[in-house]
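Below, chain A partners chain B and then partners chain C, in two separate complexes.
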Partner chain A sequence: MKRILIVDDEAHITLVLKMHLERAGYAIETANNGKAGLEAVTRQAPDALITDIQMPLMTGRELCLAIGQALPARTFPILVMTSRTDREEREWTAAIPLLEFLEKPVSMRSVLSRLEKHLGSGVVAGATP
Partner chain B sequence: MKKDRLGLVLIAASLLAIAVVGALVYRNGLQVHRQNIRVSGTALTRAVSGMESASDASAAIAGLDREPLLRSLATLQNDDNLAYLVVVDTSGRKLRELVSPGSIVPAATMPTEAYAWFGEHTLASPGDRIAIREFFAPVMGDGQLAGFVRAGYFEAYRPFASHQLSLMGLMALPIFLLTTLAYLLLRREIEPLTQLGEKLNAVSRSYGAELHGVDAAGGNDGLMRRFDGFLRVVQARVDGLAQEKAESQTAARLTSYKHEKSEYALNSLPDAIVVLDDTGTATFANLKLEQLLDRRREELVGKSVQEWCENRDVMNFLLRHKQASVAGRNAMLDYAPDGDPERRIRIAAIPLFAPRDRTNLSGMMFVFRDISIEHKARQAGSDFVSHVAHELKTPLNALLGYSELLLHRSTLSEAEQVNAVNVIRSETERMATLINNLLNISKMEGGSLKPERARVRLHDLIQDAFQSLHNSALGKSIELELSIPPDIGSVRLDKYLFRIAVDNLLSNAIKYSNPGGRIVVSVGTLDDGQIQIKVRDQGIGISAEDCRRIFDKYYRSSSDAAASRTGHGLGLYLAKQIIELHQGTISVASELGKGTEFTVTLKAQPVTLEMSEAV
Partner chain C sequence: MSNEILCLMDFARYQRWLDRAAGHPTCFMVLGKQGDVVWGEGRAQAAEIGRTIAATGDAAEGVHRIAWGDSQMVLYKPLVMTGVGQMGWSAILVDSLDDKSAPPSLDHLVEAFDDLSIGIADEYRQKSELRSMTEELGSRYEELHLVYSVDRHVQAQTRKHDGVFHDLLHSAAEHLNADVVAFVRPSKDICQYATNLSKEIHNLDLVLVEMRGDLFRFIQASRDSLVINEAADPRRAYIFTDMPYKILACPMHVDGRVDSIVVLINHMHKKDFSNSDRNLTEILANQLSSLSNMHLLLEGMREFNQQLAMTLIEAVEAKDPYTRGHSDRVHHLSMEIGRAMGLPEDELEDLHWGSLLHDVGKIGIPDAVLCKPSRLSKDEYTFIMVHPERSYEILRHVKHLEKAVLGARHHQEMYDGKGYPHGLKGNNIPLHGRIIAVADTYDSITSSRAYRAGRSHEVAMKEIARVAGSQLDPAIVEVFQNIAAAEPEWLKRFQIRRDAA
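Up next is the complex of A and B:
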């Protein structure tokens, strides 16, 4: 079972993502800020990381950069849920490989399709309700 | 010409001198002549008288033939002037006669009285009327007058006799020579004076002044006049120069004043200015530049950009524009001085054209403006956009997520469904609050939000706010306590706005309280009539540093405990703005881990004012 790490300070968001993805057959781990997220990643690298940007203690951007430092040979994709898709936002993400935007509001279908794109389809065949 | 005149004068003078000398010589000669005649005449007549007189009257004249003797006497005198010598008897008959050639003895009446027997008189020659001076003496015969001796001399003086002419010539020659010599010497002496005079004229003319009326007279007088004229011209010139000097001093002072004024103006500008000429050398820098670049102007002016500019980007910019985009497009560069990300300086390049010639670029002016504040504001604006985007889109994210979840509600438990709906409701409310706050802030900052004051019972207002938040407090097991005297009375305030402030304070207290905590809202009247509202919690508290910035827009504490709470950094800012709009104050006192107390103080509101307004 593929492990997905969700990092967001909004408990509602983490919860609803978790519910959706669990139904899709993923194992979910959550963290409520970048710092906790980084700890989780360094403890055990997930198969994919979904993170918010604006978070206390450590922002999503800082988390991505920190992961880049800690795991230079990272192979798992990062999906960034962002409120902004303007130039400034694209500039810093362009330098990070295996990073994709999920523009808010994020539809669950788009999250699933991105994950399938990176992790391969039929993770848990027939598990989708 | 003037020299010639001088020559003529000299000749005239010498002639005059000769004439005077001649006249004097003549006069002297005349006197000597007369004296000679007298001496000769007297002597001759007396001698002849003595010789002719005899004791015998008959023998006295007629006696012996003494003519040869007489002749010898006359010859002895050797006098050209002797016209005649005659001896006559008393009747006038000529007894003996010695006459020079061409002369005639004039007739004369001789005196008879004895006292006049010796004498002289002037007669005129009968033929040519030549004046003759005649001397006479008696000839006695036996004590009786027998006759007279008469000797006549030409009275006319012939001064320029041949022997005298050479003398005159000898006398005139040195005069002539001296005059000529004097003339030549004078000429030699006068020559430089003449030249001086002409020079004076020329100099005067070069000053634009003509020495009027000085050409008429030459010589020293002319020179003096010319010199006088020259002095006048020089004086006028000196006066003119003094005037010019005074004028130029005034002009210089005026120029310097103008210069100082413009320099002062340039130094007073809030922007720093440096002017580069077309070689890239700084020709001017104002005072502000010293502060902005932390360099003295002396270190810049007269030096090329490379010598004083440390920042490579700035240097390139300055050099790139030294030949300039003459197109008139003013290029700009923003840079962070000393790599300080908080600061920004903007350089604008402005081409300087020669006056009245837009094609002739005389240099470039660079205006350095400290745009740190604008930069910060822009940064804040950008932050605001991200912030608002995040705050608005995050609830949307939840709404979308939960509504998608509800699409498959068959797979959800009853509790999950209720939770989803509750989340959707609360997130919607959160969005609405945020949008309201944003709108109110924007209205307030734009100045369009004017409090609509009305008489409000403070008790009811606080009670309502308290009630509406009671549920959310209960959800976190927080105890809410309200202490408000029922007779607190009414105040004039904008009910809608003030409620926002109170709500923000209360929801803040709930947000940062720990479960099981206690929040006390107390309202009271101070001695001076001011109304005080206190909101005290037992929450996580705020550090002293955060307390200073807690009312700043978007400010959120970065402490771990606070960061775990959601907030958009607008609530307290908005509350403060609203309270200040009501001429109130808000303050905070807090201790980390112990709790926080916000105190709102509203001004006392005189009853009289309320009544007069109520009428």
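Up next is the complex of A and C:
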């Protein structure tokens, strides 16, 4: 089962994402700030990372840069959730490979289609129909 | 309801709970409503027990018993969720001998089993509530996402009128994963579409014709959204006859009538259109419809503005028949230069009005001066010299023309600072003023005046080249020369005289 790490301090977003992605057959790990996210990534690299930008302790930007330092040969994609107010922040991401944006409010459809694009559709559904 | 939620639950802790209560490992099973085994699959007789309970089980509340073989019995209990009904069964297989053995007695075990089953039903209820809440939240996000994305497109493109629809439809096609998304509004002759093809559609033109025709009429009559997924849907006899696509169409009502529809088309190999697709498309239809109204209003306003401006220009040109068409020509040439220079959309809009209205100030020049066929006296020439400032005074009250007015005010400045009204020099002259000056010079030479006939294109170009750097901005002259070298269509349209090569 593909493992997805969700890093966001807003519990409702994490919950909705988790429920939807679990239904689609992904294994979900969550962290509520960048620091906890970085620990989770260094403990075991996920198959994909979904992160917010504005977070306490360590922001999404700091998280992405720290991952770049810790794992220079990273192969998993990072999906960054941005709202309108974050749009100016897009410049720093230009140099980071395998990074995409998810416009907030995040559409579950687009999250699933992005994940499928990166991880293939070889996800075995955890639930029987 | 499927067993989806049951399957997601972890029954290991219930198993441990039961084992502790019994004092030894128990044969515990959770079954779906049809008796299918959800937990305890490994148990030798689970499947058979499941079938038996599903066929003959008592669905009344409480723990029931079935004798099983010679020395065993099955205790089972329906798992019931208030308001939803039964979602399955829990069951244990015990030795009948346990009845006499003590402790723990069978009663004790039955009690534990009963409690545990209530626990399972509770957890099920919580899980299913959480699920429906997250589903609801998820679909709200979906709607918000769509509305925000429409808003973003509109904000980014308020100036580009045609592009916004196409871009919007295209992003909707991607978001909804549809092959074709179209917005159809026959009353205004609008049929905009975007494709995101998963596979070629060979008869797209025909599909679009059908949308405007039969499909629109069908929705107009039914007044409701239409979803056709099945190949054998009987409604296909009326719509898209012989066109094997999945169709989702949502109407937008105006004054109780279907005014426009949004149509999604998918190849048959794609997933069926869902309720969520339908909800989102209905929202999209609403958004597109108000956007379309806004555009029509905006178009109407633009047209009105243009007509007002033309009225003003005609008032000026009526004073001097020789200047007829001058504003229009200078406008055309200025826009050619502006576009060739790659000016952004908003600047072109300013240049549009500035060049069109640059001579409005001439309305203040006495006819005797304006139409005098002979040389002007110094006093008379002063009237001519104030006309750009007059244009400014007339137009400055129009807020929308704030920037456009600069071009009109300074179109008679010269690059070397010897022009009027302010004697500005070089790049101190507003860019639009310098552009209009080149266009104005060209038209003054090539068009007929009260005192002379118009001269040829070649003469004008030679003269413009001569005054580049003194009267005119050499950089803009160069742009103009490049345009003119490509034999532009206006040479014919404005009937500019040509010299034989």
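Following the convention adopted for this analysis, the second predicted complex is superposed on the first by the 118 of 129 C-alpha atoms of A that agree within 3 Å, B and C clash if a C-alpha of one lies under 4 Å from a C-alpha of the other, contacts with A are read in each partner's own complex, and residues count from 1 in each chain.
Operating definition for what follows: a contact is a pair of C-beta atoms (placed from the backbone, for glycine too) under 8 Å apart; a residue touches a chain by one contact, two chains touch by 3 or more.
Being a predicted model, the structure only gives us computed values, none of them experimental.
Contacts of A:His20 after superposition: both chain B and chain C are touched. Of the two partner chains, neither chain B nor chain C is touched by A:Glu91. Note on chain A: of its two partners chain C and chain B, the one contacting more of its residues is B. When the shared chain is aligned, chain C comes close enough to touch A:Ser113, but chain B does not.
Residue contacts after overlaying the shared chain place A:Pro56 against chain B, while chain C stays out of touching range. Contacts of A:Met81 after superposition: chain B is touched, whereas chain C is not reached. Touched by chain B in one complex and by chain C in the other are residues 12, 16, 19-20, 84, 104-109, 129 of chain A. For chain B in complex with chain A, the residues that touch the partner chain are 382, 385-387, 389-390, 392-394, 396-402, 404-405, 408, 411, 416, 420, 423, 427, 556, 558, 560, 562-564, 566. Partner chain A is touched in their complex by these residues of chain C: 2-4, 7-8, 130-131, 134-135, 137-138, 141-142, 144-146, 148-149, 152, 175-177.
By the touch criterion stated above, chain A contacts chain C in their complex at residues 12, 15-16, 19-20, 22, 84, 103-110, 113, 126-129. Residues 9-10, 12-13, 16-17, 19-20, 23, 32-33, 52-54, 56-57, 81, 83-84, 88, 104-109, 129 of chain A are the ones touching chain B in the complex.
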